Each structure stands twice: as C-alpha cells, then as structure tokens.
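Look at the two complexes coming up: subunit A is in both, with subunit B in one and subunit C in the other.
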Partner chain A sequence: MIARVAPYLSVFRMRFLIMLQYRTAALAGFFTQCWWGIILVMVLAAFFHGARSHEPISFAQAVTYTWLGQAFLVLLPWTGDPDVGEMVRSGNVSYDRLRPLDTYFYWYVRAMAWMAARAVPRAALMFVTAGLIFPLIGLGAWRMRFPSSVAAGLLFTPALLSVVLLSSAMVMLINLTVVATVSDRGANTLATPIVIVLSGNLLPLPLFPDWMHRFLFLQPFAGLVDIPSRIYVGNLTGAVALAGLLQQVVWIGLLILLGHHLMLRAMRRLQVQGG
Partner chain B sequence: MNSSRLYLRYVAASIRAQMQYPASFLMLSASQFIGTLIEFLGIWALFHRFGQVRGWTIGEIAVFYGVVHVSFAIADSISRGFDVFGPEFVKTGNFDRLLLRPRSTTLQLLGHELRLTRFGRLLQGVVVFAIGVRMVPIDWSIADVTLLLAAIAGGAALFVGIVILQATLAIWTVEGLEVANTLTYGGVQAAQYPLDIYERWFRDFLIFVVPIGCVAYLPVVKLLGRADSVGVPLWMLDVSPAFGLLFIAVSLCVWRLGVRHYMSTGS
Partner chain C sequence: MPQIVVENLSKSYRVSERAPGVWGATKGMFRRAARTVEALKAISFSLERGELLGFIGPNGAGKSTTLKILSGILEPDSGRCEVDGLTPSRDRIRHVARIGVVFGQRTQLWWDLPVVDGFDLLRDIYSVPETQYRRTKDAMVELMRLEPLLDQPVRQLSLGQRMRCEIAAAMLHRPSILFLDEPTIGLDAPSKLAVRAFVKSLNRDHGVTVILTTHDMHDIEALAERVIVIGNGIILADQSFESLRKEVLTERRLFVDFVGAAPALDFPGVAELHRDGNSLELSFDPSVVGAANLISWISAEYDLVDIHIQQPRIEEVIARFYNLHGAIEA
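Showing the complex of A and B:
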C-alpha cells in the first residue's frame, strides 16, 4: 500500500517545494488580496450600516468570512493547471502517459501541491495583517477574528483540508476540458465568475435571499469558501456543521469519480500534437 | 501614411485575424457577458436584503455600474498591447523590433490587438446601464448626454493610462506586475458603487490620486441630480472627465521616460 502511495507523495512534495519559491508572486498576491478584502469589507459595512432587522450572518462574522475568502483565494479552482495546458499544447503529455502511475491521480496530486503551496505564505501574511495588525492601526471593526470557539477551530481544520481536495477535483475537470479543446481560454473565462459567486468569495452566501439558501448550501462550490468560513466564524455549528463537512466529502467523491471516468475516455482518444 | 490611418489598418488586420475563428469569438464574448452579469447578482442580493445603501437605490447603482464597466471594457479592448507588454515584448526581446520601426511605440502597441471578446463585457455594462436609467428617471438634456459620453471617454483613457504605467514598470521588472490589477479590476470593483459609501481616505485616493472617481462617480452624481456628499467644488462635476485625459497624458510622459531607459533582455 505504502509503495503504491509513495510516488504520489513525492510528486506532491516536489511541486509543493517548487511553488513555495515564488516569494515575489506571493507578496504581490497578498497585497492584491488585502486591497480586494478592504473594498469588499467597506461595501459590507455600508450595507450593514442601514440594516434594520436581524440578518442570517452578523457584520463581524461576514468580515471574517470575507478575509478567509481572500486568505485562501488561491485554493479556488480559477483555472486549469498551467503545466497541463502547456503539456497538452507541446505534446509532452505523452511522457505523462508513459509513467507507471494513474495519470488522473498524478495530475490531481500535482494540482493539490500547486494550490496548497501558494496558499500557505499568502494565508499566513493575511492572518498577521488582517488579524493582528488591523486592531493596532485602528481598523479593529474590520479585523479578521479568531475561530469563534475551540470546536469551531477543530472543525475548520478538516473543512480546510477538504477545500484542497474539492478544489483539486474541480481543477482536474477544467484540465480535462483543456485536454479536449487544446485551449485553456474558454473554460477559464467561464469558470471564474461561477466560482467567485457560488463559493461565497464575492459575497457571503447567507446574504443571498433566504429562498436560495437550501440550494446554495447543497451546490458543490459552497464547500470551497462558504462552509469552512461559516464553521470558522460560528455561523454553522453542531449538526449543521457536520452536515457541511459531509456535503464536502460527498462532492469530493462524486467529482473525483466523474473526473477519473472522463480522463479514461479522453486519454483513449488523445491525439498528441507536434513532434 | 498618417498615424490614425495606420492605426485603422492595424485594427482592421486584428479584427480579420480574430474573425478567422468566429465560433471562438462568439463563445468568449458570450462567456464574458454571462460572467460579468453573474457578478451583478452579488449587488442584487445585497439590495434584496438591505433595500438601500446610504440612501442609494439599486437603480442608481446600476447607472454607476454601467458607466464604469463600459469605460473599462473599451480600455481593456484597446490596451491589449500594453497589457501583455512584459511577457510578450520585454521578456522575448520583441520590443527591440518595435523600436527599430519609424513609428511611435505607443501607436504600435495600441495596434497590437483590438480585443473583440471584450464586447461581452461592454454589452453587459450597456444592459445594466439601460436597466438603471429605466428605474431612475433622468431628464436627458444635450449637456447630460455630452457629460455621459465624456465620462465614458475619460474613464477609458484613465484605465488605458493605468495599463500604460503597468507596462512602463515591466521595462524594469520584465515580468508583468499583476499588482496593477488592483487599480484596474479593483478600481472597477470600487467604482461600481457611489464613492460616498467608502471611508474618507479611500474616497480621496480614488478622486485625487488615481482619479477613477472623477470619471465615474462625479459625472454620474451630476446626471442623477443628486447632492454630492463628498464635498468637491461644484465646477469639478462638469469638468471631472478631463482628469482621465490628464492621467493618460501623464502616463504617456512616464512611458517615454521608461522607454528611454529600456535595456533589451538580449534574447
């Protein structure tokens, strides 16, 4: 068993270490996400200012939710893995087919490492800035808070891990459309707005109209930002929080099954370009 | 051949090239249209829940939103050459070839590509704007229409100016710096709401430093006939779009300065 998993682990480790080296990119990304976060928080503040009734998520919760979305922004399936797009265009994809590994899981693990490694430095900087420095410079109302309780913190850990697993499964589906169309433009253009809205990155999902809540909770993108963030801020607790975790696991399983099946079909029809 | 005719030739060639793949053009435009429209859902949801924001209604927001998105779509479509300047011209050394030709680099980079797929975003801005003006009655006078067109032109100029500054930076950094996205996409994101909902320091930054407020917020305030609560002098409302032109003029000066310091990567 270990012998079978070992190659995937080393693939993960290698790509993780390579991606960690892009420090300037991490810093630039962090700066961009701070800026976005501040705009989103100011818009929320303006709307909550005139709120009369009790909302399904409090202002403080929505702010922390927004910062979590920015901190873990690179964990979202924005685009396919650029390496896969490049391999498909250059024809190098044939090398990957010769490896004694399951190509699906080989790419899946690479996608996980690609996203996780970029998220670690950005999230760390974001926690320090929005969590610790903001209160010191008089932006306490806009700060990112700590988990609402020990239980929330404990449940957040598997939820965050599930984000990486879920998102990698989605990246694999985008990769597959890249394989099928030999171009990464179409899929990437359409994926971004769907992900940004349905994950809760643009606006916390509880702020959408009440009649949409059931659908929004069940759709697969909720597991990317909404469920982990609401567990963190204490908006989802007890049985509902566990249902959220279960929702993530079910979608991970379904999307991996779907991706693996489509991969087998795509590879049977694969035509290698170039010479 | 004078510059404007040459530019038209560039444009014609670019359009012909993109029309070689009509299906791709249609699909990319459609996904741009749907994509940006989906993002408007977020604004709609906020109004559905809260009703208003600091006294503004959704119809008024739609007017702000439409104007800034139309400006940005135009800018994004024509400034492609500057947008990809780092990776496609500096890194590859292709900029050397542009410098050898007896035409200005600005003209050649503007002529690099006219991105037609931005039509989707443009159409989306127009649709939201049209919905907005149906909900908020505006008594259109000739002066109003002129101000609106000036605001859009000024806005496009401003966004192109930002992209030019980003390209100038790439002369030194070689790779493009995505930090400029905070001002382009981030600016659009901020300016789709009236600026008076923000904190003072942020508002002042968007009016006096990077004058997105001058090409989106101030003219629209005047069109909607609302009292401005930011507290700029009244004459500024009418001439504010000119600040977009001023910004691009400054950007072009900085660009010239940058080009003089250009050192080829040698590849």
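Showing the complex of A and C:
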C-alpha cells in the first residue's frame, strides 16, 4: 500500500515545493483578498444594521466566515490546473501517459499540491492581518475570530482537509473538459460564478432565503467554504457539524468516481497530433 | 519468440475541416465536416530482443503513430500489438514501467527543476530501489557526461544538453526497450554524434531493444541494422540497411566538363540529368554500364576538362523512393 502511494506523495511534494517559490504572486493575491474581504465585510455590516428579523448567523460569525473564505480563496476550484492546460496544448500529455501511474490520481495530487501550496502563505498572512492586526488598529468589530471552541477547532481541521480533497476533485472535472475541448477558456469562465456563489464565498449561505437552505447545504459547493467556516465559527455544531463533514466526504467520493470514469473515457479517445 | 509483435495494426484519426473564409466559418457553425485520415493501414512487423530498428518515412507517414501505439499512449482501431506479452493500451501501467520513451520534440523533465531533482522524481514515480537507481544514474551520467549539468534547471540547458538528459531520464528505471522519436531533431553535429554513440552503447553493451524514428539518414546509417520504410500508413520496405542501400543506391552520377559546349551524348543506359554550358550531369547504373567503359568512351570521343563519379546523396535517394511509392504527404 505504502509503496503504491509513495510515487504520488513524491509528485505532491515536488509540485508543492515548486509552487511555494512564487512569493510575489502570494503577496499580490493576499492584498487583493484583503481588499475584497473588507468590501464584503462592509456590505455585511450594512446588511446586519438594516436587518429586522433574527438572522440564522450572527454578524461576528458572518465576518469570520467571510475572512475564512478570503484566506482560503485559492482553494476554490474556479480554474483548471494551468499545467494541464499547457500540457494539452503542447501535447506533453503523452509523457504523463508513459508513467506507470493512474493518470487521474497523478493529476489529482498535482492539483492538490498546486492549491495547497498557494493557500499556505496567503492564509497565514490573512490570519495575522485580519485576526491579530485588525483589533490593534481599531477594526476589532471586523476582525477574524479564533475558532468558537476547542471542539470547533478540532472539527475544522478535517473539514479544511476535505476542502482540498473536494476542490481537487472539482479541478479535475474542469481539467477533463480542458482535455476534451483542448482549451482552458470555456470551463474556467463558467466555473467562477457558480463556485463563488454556491460555496458561500460571496455571501454566507445562511443569509440566503430559508427555503433554499436544505438545497444549499446538500449541494457539493457548500463543502468548499460554507460547511468548514460554519463549523469554525460555531454555527454548525454537534450532529449537524458531523453531517457537514459526511456531506463533504460523500461528495469527494462521488466526484472522484465520476472524474476517474471520465478520465478513462477521455484517454481512450485521446488523439495526439503531429510530431 | 519476438519481443515486439505487430499484426494488421490500423489507426485512423478524424480531422475536422471547414471551408475557408467567412462563408466557410458561418457554415461551420451549423454543420461540422470531418474527414477520416487513415494513419496506419494494417501494418505488420516483429522485432527480436536486442534489435535496433530504424523507422523512416516522410512526415505524416505513420511513424509516430506506430510508436505511440507501441508505447500505450494511443489505442489502435484494430489489429494486434504485443510487447513482451503485454498489450500496451490495455496493460498500460505494467507496460510503461518496462519501456523508456523519448520524444525529440517534447520534454519529460520539469522545466523549473534542476536536472537531478527531475531524475529523483522519476525514481519515485517508477519506484526504483535506491541502490539500483544510484548505480544506473551514475552510469548514465558518466556515459552522457552529464555531471556539470545536473544542478542546472532544465530550462537553462541547450537543446543538445537537454536531449542527453532526456535519454538518460528515459533509462533510469532500466527499461529493456527504448523508443526514440526523432531524438536528433534540431541538434548540432557534436550533439548528434553523442546521442548516436549513446544509443549504440545502450543497444550493444546493455542489450536494450531500440526503435528509432528519424529523418536523418546518418542516424540510420550509424545505428540501424534493420530499417522499416513507412509511407501513407503502409510498410514500403522492411530490410537490412545494407540491402536497402544497395537497392536504392545503385545509381551513379557522372559529372563531365567539356572543352567546348557539352554535346548530346548517345550511350545506351546513360541518362542526361542536367546540362549547363560546358558541363553535363549523367546518371547510369554501374551493373548495366561499366563505369570504366563509359569514362574511356567519353574521353576518347571528346576533349575533357574534368570528369568524376559520385554517389547520389542518400537523402535524395530516399526522397525518390518515397516519391516512387506515392508516399509523400498530401
């Protein structure tokens, strides 16, 4: 078992280390996400100020929820892996088919490494800025809080890990459309609006109308931001929090099965032209 | 028992087409036309362990398609393809662990990584035991003189340096078969020589079976004992390089400079190829017309400045061979 997993771990490690090199991109991304985070928090403040009814999530929770969404923004599957787009254009897919590896998982671990490595520096900067510096400069009300309880913190860890697994499975589906259409434009444009709305990145999902809540909780994108963030802020606790984790795991399994199946089909139809 | 068996292998591609211009593009929005191109039409051959086979043919002949099927990347439409008892496309993972492949026009090493990191990653991907890996790597580094290149990122290497690293990378898991698709393309003369020497040594000293495609006849001349000529998806010739050479290189060229204007020669079996003022270029088959006879006849009949015989260049002959079989790409 270990011997069979070792090659994939090695591939993960290598891509992770390569991606960590891009410090300027991380810094630029962090500033953009700060900017967006502040705008979203201001919108939330205005909304909660005007709200008459009792909302299913408190203002403080919604603010921390929003900052988590910004901190882990690069874990969202809104584009395919740029390496796959490049390989499809250049025809280097050939070499990937020459490795004694399952091509789906070969690409899957690379997508994981690609996202995780970019998330680490950005999230660290965000925690320091929105969590520690904001209270010091008088923005305490808009700050990102610590997990609501030890239990919430403990449950958040597997939920966050599931975000990476779930998002990689979604990136793989985008990758497969890139393989099928030999272009990474279409899928990338289509994925963005769906992902930012349905994940809760734009607006916390509990703030949507009540009648949508059941659907919003069950759909796969909830596992990207909404479920882990609500566990973190203590909006999902106990059995419901566990149901949230289960929801993530089920979708991860289903999407991997689907992607794996589609990969087999795509590779059977593969045409490598020229050369 | 041959190591590689190919029987009636066929593969076709669908190529989409549209008429040129605005009208063609508009029509293409509603109806897509596609044409089927038969890349391979039931080809058959087999290869023994330790052989070195050269695959030649014009662009689009089906060389690369054959290699891609043999290496498990493409699935054939019909026919049998077996390598060491495995069907490449069906047993892909087990199959690719035993072969090494180099595509001259692509790179398998990671642009951003130093060469040696790429090698280490390949070690992990192929699960090569550490001691075996170190021995193979050291041998390859010595053979290809890679020592000064190991710490450089791949993107900083010259094409010749990179190709040496690519071939070494393909050998790290000690495959018993090596497929080389145009390994000398774009290389300068010393790099070509190095690659040839390396391939020869792998084949002769390490017993690696090699299939090589190329457009450079000198690669074939230096390496291959056996040559398959392929054109338009069919095998035109499958024989030893020596016999192919004898067959296609029978012709000789006679270049004559006359004192006066070049006369119209009438000698049975001799054809005039080119005439330029005082000079003539003639073609003849030495098995029909003795070279000595021809020269002594001409020099007896006319006043000459210079006369010499040449073999036509092998590139030229191969081009004629393709032409003869209608194998040039449309």
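By definition in this document, the second predicted complex is superposed on the first by the 273 of 275 C-alpha atoms of A that agree within 3 Å, B and C clash if a C-alpha of one lies under 4 Å from a C-alpha of the other, contacts with A are read in each partner's own complex, and residues count from 1 in each chain.
Definition applied: a contact is a pair of C-beta atoms (placed from the backbone, for glycine too) under 8 Å apart; a residue touches a chain by one contact, two chains touch by 3 or more.
As the structure is a prediction and not an experimental result, all values here were calculated from the model.
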Which superposed partner A:253 touches (first subunit B, second subunit C, both, neither): neither
Which superposed partner A:36 touches (first subunit B, second subunit C, both, neither): first
First, second, both or neither for A:49, with subunit B first and subunit C second: first
Partner chain(s) touched by A:95 [first = subunit B, second = subunit C, both, neither]: second
First, second, both or neither for A:197, with subunit B first and subunit C second: first
Partner chain in contact with A:82 - subunit B first, subunit C second, else both or neither: neither
Touched partner set for A:18, first subunit B, second subunit C, both or neither: second
Partner chain in contact with A:7 - subunit B first, subunit C second, else both or neither: second
First, second, both or neither for A:153, with subunit B first and subunit C second: neither
Residues of subunit C that touch subunit A when the two form their complex: 13, 64, 68, 71-75, 92-94, 96-97, 99, 101, 103, 105-108, 110, 112-113, 117, 121, 124-127, 181-182
In the complex with subunit B, residue positions of subunit A that touch it: 28-29, 31-32, 35-36, 38-39, 42-43, 46-51, 55, 183, 185-186, 189-190, 192-194, 196-197, 202-203, 207-209
In the complex with subunit C, residue positions of subunit A that touch it: 3, 6-7, 9-11, 14, 18, 21, 90-92, 94-95, 97-102, 268, 270-275
Complex interface listing, subunit B residues touching subunit A: 24, 27-28, 31-32, 34-36, 38-39, 41-42, 45-46, 48-54, 177-179, 181-182, 186, 189-190, 193, 197-199, 202
